[in-house]
């Protein structure tokens, strides 16, 4: 088995495992991504509670582990030990299948997400289409969950949710097309739908697409950014789960581990749509200014960022460790927090090794960009009230959709401005 | 069977397995679609059918069509189906008889269809003596574009009229107070 | 001083004005147009930080509002806390129209009309339409089991334009119906339902007279005096809660 | 009647007659176990999609028979019970009750007691409004204001606790005055609180007042005209937001309110946004009143002469005050004994809740939540 | 099957087996005490009045059908988008006509109020 790995590393570092065609190697990547995303969801869970808490002048989880670090684990254990209730009159088959569909749909998107030029499970030349299609499968899961529960609140939640996701998908698609348009602005005149290809196109055109044809790229990005919040049912578009109206929306009747699958799916979807936005508009895995700040010195400077980040985290952890109460009761927690900082230092040191340092560059920048998006998600949740359903639909159909069509047309015209100019020129001269 | 389209980075893998797996899945779920009493279950089975057909498109090196299949049929039309199914009274439809009693026309139609299949199988080789136009997978979308926007330009524009009619029809039929 | 005048009878206001008209008599002689504002001028007791005179009753009730200058003749307060006859143009008008059917009284600066059961719909309608008592504050009842006419029904009304409060009271026997005030004040809806729930008084013409605080199907009306404080509908508890007793 | 909770509503009956073809309407229960009904309120909604075609409130889940209990307690013993009605504005309840009995006894609280009463009542009004704001914002989906308001409300509760030992159901006042003299540093605490909380109110407003989503969610939602308000007996900030400048503290001043200079904030449209603005302005007015009261608090006794055994003369009295939610009235009938013959509480929430149907008809489900929040009901008071 | 699509199937297989296995495994540790009251659908503490399925407004249906139409439109745009430079002015014109016809429909439904929720 190491043969596969060495083989891959030696010969085919420029292709993704999918293109390499080795099922084993693909499986390794799949497990890595699956585990990584699950871990990210756990971290996100803790971070969301902490950040939200601090925005709201409270502490958030503090009891399980130092600063509540073990809270997600405690939650997981609790959820595992909870009874799994299938309500009376529910269509049990559909009821049990629904979270699975949502999860599979949420995770399948990761097949095409490029964490780096080679760090993707596979590269499809219809990557964007695949992502749009698979993420639209989530709607089915939601409708099924709501319908199967045989309860009013989940049904209304599911209908709302599907109508909402479906509405914003149109705007999302239009925004995506205007990014695809930009990829074909090369001498060959051939664009691509491949996720890796889109990032490479941004590299080739020396700009992130968000800045292309300013403000067109930015508007398209904005449309996508709004639509993705709506697609993931997050505040301020969290109507399907509006707890004050529908208690918990389509997953009201779910409990225990099965309920946690919905949460897992939701957070996984948040991460995946953020990655898509990053891939399409924010240069994907590229570090900032890859064209401007070139040269070995800059490369070295940027390659130190991962290690520095972890050193920073470690410093924060150590600072908190020092600030822990000196009471013997907290001794274990203090030691735990210190050990946590130690782990950070260790990771940082590993990241200083030149080979590793270069290897994680792409993934680091990608994850860093995702982190910004996730922070924005949390920030929205702490700031905005919830939209009402008709307002939500109005934003989707009457604001984002025309905006999307407009941006698309404008981008097309901008992309062909020389041809148009030539044409007009010729007309005048004839 | 697909070796003819071999490209360096798109080597076919386990073609036979996937073919039988996907087509078997399509047929099985297709049967489920018509035998399930509960229309929602039928719809779910139909989704599976559509997905496996999408897989078959992939095998034919037509990823764009596969993507369209997933986005439009699974993500769009099936959601619409589910909505409509939920609009009707499922309890009632479950109580009703699944098949009506039109046995004779049914059998005749089945025989006719079977005959057609057999004919196609027998005569097909003669009709399609040449292999289908080869289409490198990497350029599939671009090729579709070329076809659509040059050769089939007029039908394409007609399609937009069709969509317009669909919009108007939907609104007129569904909206009570216009 | 308030303590001495209490009388042992459980029917506090059935007796009406007769007894002592110490201060009230003065006011009744001179028909002051003061309406509901007898205590108005003497009304600033809360202001003075000094000794609080016990006499001027009801600090909050009737301050000199906009209507006060028009009707300045408010006399001194009734000294003893017994119901006094109440005089005002409103009263004069009402008495003229209804004669002995109503008894206008005032007690501790608060005015009320003791009205005959038969006059209730007319009077309430009139109070709203002609006297601008546009706000029905409350409707409730009081149970006097020993009396022949067991229930006092009380309407507490308020007029925004006059800044004036008046209570209308009538007596009805058990099982006697009373017309609903919902057509007059929409607010009466729930208030009447609660009165029905608690006392079992039927309001004719109420759109949806049913229990409001107690569950449907409960037996008995708890605010009647013969309904003990720990009494409950055992049967209901047994059927619905599956226990022998909620106590 | 097999189900303890099912009171068959006319909505449900209507619904059962419908056939499939015209059954676009859906009857759903909101409450009693629902996150946004502020307690155990049950609202039966008849929906056409998301649109509310009608609704009916079912109340009584928290009915404890307060009025009945009163008939078996002496006047003094009943005093703590009123705190449990509107438990977020217990001080106001106590004030209304004490003043009503004082009136019946024809006595009056000494001025110092009245000043203390005003300070505590206005603090309580502030606390009640803060709780309203937090929960109302949470209902509309804004999570953060809840924590801000609870943080600041805590300071008020601390003052209560220092004054009388209790935080929520304070039982701060007695018939005839106040039981407790203010503690050492009471004025200082209150003044400190005033300077602390004024910028906090700006902070709440900063989060909400100009927030686009907040404005969209509240403007033109749950509109009720002044005429309807009066017909339905709606009082308090809801009435004022409809443009009626009426506040019992001004209209029929009680306690020491006559001495203070404050305004009655009013709105024009009677929608949820106006009610929000009115309550925010009321919070500022409360601060003004407290400031004046604490600056001018007179010395003197805090308790009037009241006999240990209270036997009010035969008679009846109605006294009402401006509670945070509206007009809170007590109708007390005395038969000359030590126990009230009958006490009727006129709860503002109960009467205000009647307007819910009118305010929600034709709006969306989400608006029902907003309207319940903006009515600021407390089920303890609705059900008593 | 082209090799770079195989990982998708592996992925679905992995997710589709891992999760049910987890669910089955946790069956060993989690309790199961079904009770009538516990199994009742949530209706805010009230026993459900009727079955929940079916019966809701036709508006959701309009949204779904409009979505399908606009989705088809979006799909048509993809092949153009990847090649639009090569199609040049002619392609752009074609696309503008295509979009124009749809925009007419869009304006029509806007005018008709089909986009208003209530």
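Every chain is named by a letter (A, B, C, D and E) in the order it is written, and numbering of its residues begins at 1.
The rule is simple: a residue touches a chain if its C-beta (ideal position, glycine included) is under 8 Å from a C-beta of that chain, and two chains touch if they have at least 3 such contacts.
Note that the structure is a prediction, hence the values are computed from the model and not measured.
Of all chains, the one whose Cα centroid sits at the greatest distance from that of subunit B is C. Chain centres here are means of the Cα atoms, and by that rule the chain farthest away from subunit A is C.
Each of B-E and A-E has its own count of C-beta contacts, and the greater count is at A-E.
Here the CA centre of subunit C is 62 Å from the CA centre of subunit E. Rounded to a whole number, the gap between the C-alpha centres of subunit A and subunit B is 31 angstrom. If each chain is reduced to the centroid of its CA atoms, subunit C and subunit D end up 23 Å from each other. One simple way to say how far apart two chains are is to compare their mean CA positions; for subunit A and subunit D this gives 45 Å.
Counting partners per residue, subunit E has 3-6, 43-44, 51, 53, 56, 58-60, 64, 66-67, 71, 78, 82-83, 99, 106, 117-118 as the residues that reach two or more other chains.
Within subunit D, contacts with two or more other chains are made by residues 3, 5, 26, 28-29, 34, 50, 364. Listed in rising order, the residues of subunit D touching subunit A in the complex are 26, 28-29, 34-36, 50, 137-144, 146-148, 151, 207-208, 211, 213-214, 216-217, 364-369.
For subunit A in complex with subunit E, the residues that touch the partner chain are 16-19, 21, 23, 26-27, 29-31, 34, 80-90, 100, 103-104, 107-108, 110-111, 121-124, 129-130, 147, 149-156, 159, 162-163, 166-167, 169-170, 173-174, 177-178, 180-181, 183-186, 189-193, 247, 252-253, 256-258, 261, 389-390, 393-394, 397-398, 401-402, 405, 408-409, 412-413, 415-416, 419-420, 423. Residues of subunit E that touch subunit B in their complex: 1-6, 9, 51, 53-54, 56, 58-62, 64-69, 71-73, 75-76, 78-80, 82-83, 87, 91, 94, 97-99, 101-102, 104-106, 108-109, 112-114. Listing the residues of subunit E that touch subunit A in their complex gives 3-8, 10-12, 14-16, 18-20, 22-23, 26-27, 29-34, 36, 38-44, 48, 51-53, 56, 60, 63-64, 66-67, 70-71, 74, 77-78, 81-86, 88-89, 92, 95-96, 99, 103, 106, 110, 115-118. Remark: subunit D residues 3, 5-6, 12, 23-34, 42, 48-51, 364 touch subunit E in the complex.
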